[in-house]
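These are the structures in question, set out in turn.
Here chain A shows up in two complexes: once beside chain B, once beside chain C.
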Partner chain A sequence: MNDDILPAELLTTLNEQFPCRAPQIRRLAALIGTDEAPSPPAIVLHGLEATGKTAIVRTFLDTVEASYTWIACHECVTVRQLMERISAGVTENAGGIDTGRAGDVCALGVRLSGALSGAERKHFLVLDRVDRTREGSSVLFAALGRLGEMIPSLTVIFILSVPKPRLLSSAEPPHIHFAPYTKEESIKILSKYVRRIPFQDIEEYTEEDAKEELYVWQKFCGTVWDSLAKGTARNVVQFRAIVDEMWEPFVKPIAEGKYGTRNYSSLYLLHKDMFRRETSVIDMVVPAGAAGEKAATNMHDLPYYSKFLLCAAYLASYNPARQDATFFMKSNDFGRKKRRGGGTTGPTKRTSKNRKIHRRLLGPQAFPLERLQAIFAAILPHRISSSADIQMQIATLTSLRLLTKASATDVLEASTKWRVNAGWDYIRHVARSVKFDIEDFVAE
Partner chain B sequence: MLIIGARGTGKTTLLESAISDLTEEHKGEFLTVRLNGFFQTDDKIALREIWRQLGVEMELDEKDQPKTTNFADTLSSILAILSHPDELRAPDEEGAEPAEEDPSSTTTTLSVIFILEEFDLFATHPRQTLLYNLFDIAQSRKAPIAVIGTTTRIDVVESLEKRVKSRFSHRTVHLKNPPTLKGFWEICKEGLSVDMDEVDSEINGSSDEDRRCFESWNSHLENLYKNDKQFQRHLRRIYAQNKDPKSFFNSCILPLSSSTTSFPTGPSFSLPTNQLGEPDSILSILDGLTDLELTLLIAAARLDIISDTDTCNFQMAYSEYTALTSSLKVASSATGVTAGRLWSKEVALGAWERLAEYELLVPAVIGGGSGGGVSREGRMWRVEVGLAEIGKCLEMGRAGIGRAGLGKWCKEV
Partner chain C sequence: MESTPPEEVYVEEFDPKEHQGCYIFTLDGEEDRPTKRRKTKGKQRATEKAAVEEEKCPFPVLLDNTETESTIKLRYQTYCKLWEKQEKRTKAILDSFNSKTLDDVSAFVKDATPEKYEGKIPTALVLAGPNIASHELLFEQLAQRIRNQDRTGPVVVLTSKDATNLKTTLRKLIRDATQQDEGVDDEEEDIIRKSAKLLNYDLQILQTWCGLHEGQKVTIAIQDSEAFDSNILSDLISLFSSYLDRIPFVLLVGIATSVEIFHDKLPKSAIRLMRGNKFDVERAEECLAQIFNDSMMSDKAVLRLGASVCDFLLERYRDHTQSIQAFVAALKYAYMSHFYANPLSIILGFLDSIDGLGDVLSTEHVEAIRNVPSFRRYVEGRLAAKEVSEVCKLVTDDDYVRHTVAEKILESRNYGIKLGQALAFLEIGRSCTLIQNKTPRYELYAKALSGELQTSPLVREFLMSLKRMNSTTLLNLFEKIMQEVQIPAIIEALGPLQEKIQKLVDEAEASGGKKNLISEFDMTNNTLRGTAVSKKVRLGEQKSSLTKQDTEYSGLIQQVYTIAESYLTTTFNSSENGLQNVFLHEIFFYDLRSPHSAVFAPKPRATIERGLSQPQDYLACACCTSTDGEEVGIRGSQAPTSIIYQLYLESGALINIYDLWSAFYSVIAGDEEHFDVATAQALFYRSLAEMRFLGFVKHTKKKTDHIAKLGWKGI
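Coming up: the complex of A and B.
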């Protein structure tokens, strides 16, 4: 029952540094507190990305000058590496002597209790992004959670994004939830990073200008949130990236002096198109303009027969085998576009009250190689005898990953099934380049 | 002997207090070896740990321990030590051969208590070598040892092999949660109130003011339980949910840490919910999802019901999403409400994969996360939450502000 856990000014500076996180910081203060106050053996912090978990905990521990060890779990490839890092880190930070390595969690417990036995101060072991640990198992997490119970002066802090019930399989440790920021909070946070309107003629930067900039900035952030960020990029980091990217083109008219700062709505109308496009939402390595052209031309320049083979593979994957006769038999030439009525259900049995799923949505189905060859022969405009060359082209398509093996059996086995690995748009483009009307052959 | 009970029923506490009582009575007459199934994940590690703990307790040099490479040697040397209590004090450097040439060693018999926490995990070790040997020694009275296991699993005896089971004494103690609310409160009160006798004995010369302060605190607690409606509801909720005193104490941390010594104001448990509590389910992250992610999730969950399969891929969910959004657009153009935006496939695929990262979607085939040669859009996933759950969440406004409109999609299929 201590009067106040932390000096008030400390909390105030933290709250200034991290706006809109007052309840979380207060809870942290209650749980971590000072050296005299007790701490629970394990604490779990959870919240989606970019809600300030890592930054706040680190700054908090720095500010209260607690002794702590920081382990970034996602950087450890094996459990052994994680254990060694923890033991090395704790030994170093707690001022113990290095007595060898700890390869497993049992040895780790021994090492840590040795290193911390003489410590008068509380020690905090922060496991950042613990849910991203490779090779992590529930037993491992449970053991890590128990470390704090084994060693009285140790508190283990777990940071993870999605809470998992019974992660530590122990009676529940205190959780602190870092809620996602709302629109108002996000804008408030971004207001800390107001960017200048570039190329302004005014020589000296006055208080007035700053105020105007803040006004435009906040309005702008609100618009971006409503039009783009709310839909796809809620977290502050993504939001800020979008705002950063769009800010300069947006305020260009102001910089050039065409618009005033208070004329926000007409400025918005001028740039209305900008908020409709999605270019700023999708991360692209290729610059936005070039990407569109590239996608169209980025087709493999395949040999003539390979293109037909690919079309045949697509048809084999997406058409039900039952309908092959309808589509590909020469005698049935006129009837091939005729579709049967309601009776065509897919390969899976479904009751009539359920809606039918479009075949294209179900993804490619596996087919035997013979079927591919039969369809290939049927769709070719002229006859060609099967030769090693055709087989080789199939092999080439496989190595290009346009065809993939769907079963685990050997390639040469007759029962091996295959699957096409290209989308409709790509196939249509390929088919057009050899003047083949693939639309006629696709079952609806 | 086994102690079985749910988490937080005080198995370990009971054991530790018994041991500390024993230590007072028979100091130096026994050793304790504590093992935990979470830490000693296989018999080899467990054996090494036994060696170490025995070594520490018997003040052996660490160099005396055998090389850890040979499992059989280690086991036999430990067995030898345990089986020859007369020569307990003299394991020599070779370790594998207990020192029989040292007849002058002390002949005091030391008992060893083995405590195996999470006993069920030891039963999963291959061939249950450790358990077999421990039980065998205990049963055949070669050495005075006692094996005590604690576990949460009631059926743990069933997981023992036949030869191990037959050597087990079948003595079990069940610890239960308090059967009544009153009993639960007694436990919680014990944790919160200040023990006056302890105050008198430990803090010598405690001032009258302190005494008064503690007394008023205790009576305040009693008062809270009897009269405060909110406090009662809070207590009852925890009792109904998990009967775990620990979660009650968790909920007390914040009010206690903010309370001061100016009694009898004390903490008021007017908190709406347990702020430090564990989230109920994965649904609690719904309010952090973007509109697009949430809509895709709803679309995928709808597909579960519509097409009567429990798996779906991105293509199916996206087409459902497109249908939903455009239907909304048609409806809203009549009423004049701004409709949700229809995002392109690339953006939606990103959102879809983020849902998978949050484990709201799990791959339908094992190892399907890496695809198995199928393109990203065609991979099959299973939705982890039901449509009705999402709908309820939206209705209660727990999934963010201004999203109640989406709840309509959860109801009309």
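Coming up: the complex of A and C.
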């Protein structure tokens, strides 16, 4: 291809900095090229998260010293803000005269052609994460794509994750795909950031040590990929976070001198449990283990009746209303008996025919407040007369969003529907804390 | 959650006509018309009003309208004075209560940098508990602390009310953050100049501001994360994250439920952007305990709550509100209603200087004192002791009564203080033993007042385990008690024993290196032996294994036990030391439950239902009330709405209007053959409209000529 447009050493340094991305860099070089060579009006770069799109384009443009404007689209809250940023950015970078700001795409076109009319160099407008623009529409993207056609010296580079066919509604612009890294590629990339083994008794860090470290690191990365990352964290950033987190406990025996660097398999057997646990895969604000055990002793509790109200709301949401009589009538207990005696019959032809989806999977259904209060009165172990306090607790549950309003009518309207907004696990925990067997009342 | 009473009561502006739908307007005088309020006069009027307020006493005239104005005023002043003191102490407790959380969070904010948290937004999850009313206070304190004390930068508190959409949220955030510093004027101008061209929701404004204020962190506190729209919250988080390299954000998230629910609310990609720590706010129960101990049991407290009000408040706290603020409001209400309705409450103002009391008490007051049950009990006690002349004087001589009251009230007041000390002793004692269920003092209090503690296992359990204590725990217990409660009776008796035991321990340590002396009553080690005989054998063995110091120690612990037992049993003995024997305890203990339940936990629904279904309870008219007190059922003489309601109760979920009408007509016509149909229809329509207004029925499209039933009785 036209590699000769750019000096070869430039590509080599880029390839060193970003391993496994040689074809993409070559294509970029061809499309962006030097100031003498023409560039297409629009280029689309696409690929999943953490595949190096942003970093490579940015470094590339910096290294070839192109004139460009970088717009982070995800930082713009409205289209107007995006337009203003683009016009301000291009005017500033291309050295044109500040002619005020553009509020929409049409004005933007005029401003940009004014700003770039006298420019001798090509100008690149990079729209990073353009698919995450809020309020963005397909018309907007198409119009942005046309900017490059209207203004000869402008090239618009779109960076997005998944391209839609006919995104720009024009003759297809060149696309460059940044494919997700494979296992080998990921490990190769991570090998650039080998973490040290914190040896205890080391005086001098030798070449030998570095080699050993690399060996363990690569093996370790492979194991992590196969056991955890393959299914849960395929992008290289998350993969690296997991590896980082697990590295130190893993190599602790080596650091202490108990294991050598070469018997990896026995080290793996020692830490087998580590690769089965999911703690490092699940995202949490507070890292697990940091304050885990302290929390259990000091839990904030809902008031006693609020818990019952919550249980009642759950039952109202997940039980069909016509079964209420069987579950909550105090006089006849047949509902529960029926459930307990059902074990012997086995699945008949009729049940298998119209098999129903489990109610819990259908999501919470809306219910009127009167039903919640009736169920609440039925499940309480003793009678209390309804006072303003109960209503207040319903209001509190609503502001905690454990209970949500499901219809658009006024709160005080008797026909307003409500819905529970808490999962089964939480409800079961709440019910247990007040010694209420909620399992007996849930319809299946 | 609480309703605050209006600050000012515009009594003089009240016009009874304002509430009538129509009335005849009479122009009989200029001053009868309410004066128009003008904005310019607002301030002046406010000060005038304050002056009037001071003069005027909102309390009514008691004692059959014979109470003098000065005593009413005194009553009001005493109330204001005492509550002010109590409120000050309560506020101090509330303010100091969050201090640990505040310390932790402010330390977190101080050293939070994105680099420390792998380039993610430093986030503090503040678990503030389900009592939403206290969150505002907490976050205000946090903001104050970070803004004024730590000076790490601006703090913006966002509530869900501010966050209706992303744009307005950002606008508020930027405005609040950039206008907080008292900053130099030209700096301000610089920001304005640079950001003049930016939209007012562009975070670049904040970025410019941060450029000018190096090293300042922008703390965003999200007060009620549950109520936030999750889309807006995750949008905000992703925006913060992308600006993190330019604006050093720190995020505080208030969580009322649990961290898991917070995690469920947000998408994983947003959670991945945050990293930090969580901070527990201290449980509200501990705060309640402190406030309760201070207001009921400390020696500073003057008015205390009686057992039934206390039960009511604690029950309401535990089962319904879990709100300290609600508890404090109820306490204030108790103070207010005590002074509002009890003419004798003025006595409480004279605790520090009894001399003036005799002059203030009028003949009516004295008469009122004579009517108080505890006074009667006192007189009967005198009579039983055959002090006839004194009884005679008490009944006839007013001055002697004044004298006796002045003499006795301090004693009565000390009852509360002593009780508080005994309960503190019991609580501390129980906390030192191995007893599993730790009963807090506020629960013991109500029990002690109602005389339940006398025979309660709570005391017995403590005494038993006291006997079994080894020397380390016992000395620990002594130390705590000496520190926290000053009971002369106990300290004097236990002081020498403590010294002796300490000496024994030292001796034992010196001789054999054994630091812990075991009581011979301690049987916890040998529960494995099952049979009675083997136990006996074992006991013998153990006894023989005791050292000389151990035996001596056992003797001493027996003495400790005796002292503690006699102290606790006499203090909690209801027949000797019960509340009803305390002279004038009605003044020192407020124990009326019904005003509280009517004010704080009204039952509107049950009241309406009762009014409609049993109108005779309210009307008490001859026509609707049966003579023998049986149920009356539906009668034509009842109010039409009530008839409709009772018919309504008998119907199903959908009601045919015509059926209802014919039933109604047959009831209202009764035996009369030619009841006017038009009148009946008018009554019917009006009653049905009232039913709709009350929210019992509504129109439905499910069936023609039907209405839907919305409410059932007794829920």
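For the reader, a short list of remarks on this structure follows.
In this text, the second predicted complex is superposed on the first by the 408 of 444 C-alpha atoms of A that agree within 3 Å, B and C clash if a C-alpha of one lies under 4 Å from a C-alpha of the other, contacts with A are read in each partner's own complex, and residues count from 1 in each chain.
Following the convention adopted for this analysis, a residue touches a chain if its C-beta (ideal position, glycine included) is under 8 Å from a C-beta of that chain, and two chains touch if they have at least 3 such contacts.
This is a predicted model, so every value here is computed, not measured.
Touch criterion met: A:423 reaches chain B and chain C at once. Touch criterion not met for A:86: it reaches neither chain B nor chain C. In the superposed model, A:402 makes contact with chain C only, not with chain B. When the two complexes are overlaid on their common chain A, residue A:31 makes contact with chain B while staying clear of chain C. Of the two partners, chain B and chain C, it is B that touches more residues of chain A.
After overlaying the two complexes on the shared chain, residue contacts for A:48 are found with chain B alone; chain C is out of touch. Residue contacts after overlaying the shared chain place A:434 against neither chain B nor chain C. Overlap of the chain B and chain C interfaces on chain A comprises residues 401, 423. Here chain A touches chain C in the complex through residues 72, 74-75, 77-78, 80-81, 84, 88, 101, 134, 238, 241, 283-287, 290-291, 294-295, 298-306, 368, 370, 373-374, 377, 385-390, 392-393, 396, 399-402, 412-415, 422-423, 426, going by the rule given at the top.
On chain C, the positions that touch chain A within their shared complex are 1, 118, 123, 125, 127-130, 132, 166-167, 170, 197-199, 201-203, 224, 226-227, 235, 238-239, 242-243, 256-264, 268, 271-272, 274-278, 280-281, 283, 316, 318-322, 600-606, 695-696, 698, 710-712, 714-715. Chain contact summary for the complex, chain A toward chain B: residues 1-5, 23, 26-27, 29-31, 33, 37, 40, 44, 46-48, 51, 104-107, 109-110, 139, 142-143, 146, 161-163, 165, 169-177, 179-180, 182, 227, 229-234, 278, 281-282, 348, 350-351, 354-355, 357-358, 360-364, 401, 404-406, 419, 421, 423. By the touch rule above, chain B contacts chain A in their complex via residues 7-8, 36-41, 45-46, 48-49, 52, 121, 244, 246-247, 250, 253-254, 256-261, 275-279, 281-282, 284-285, 287-292, 306-309, 313, 315-316, 319, 340-341, 343-344, 346-347, 350-351, 358-359, 373-375, 377-380, 401.
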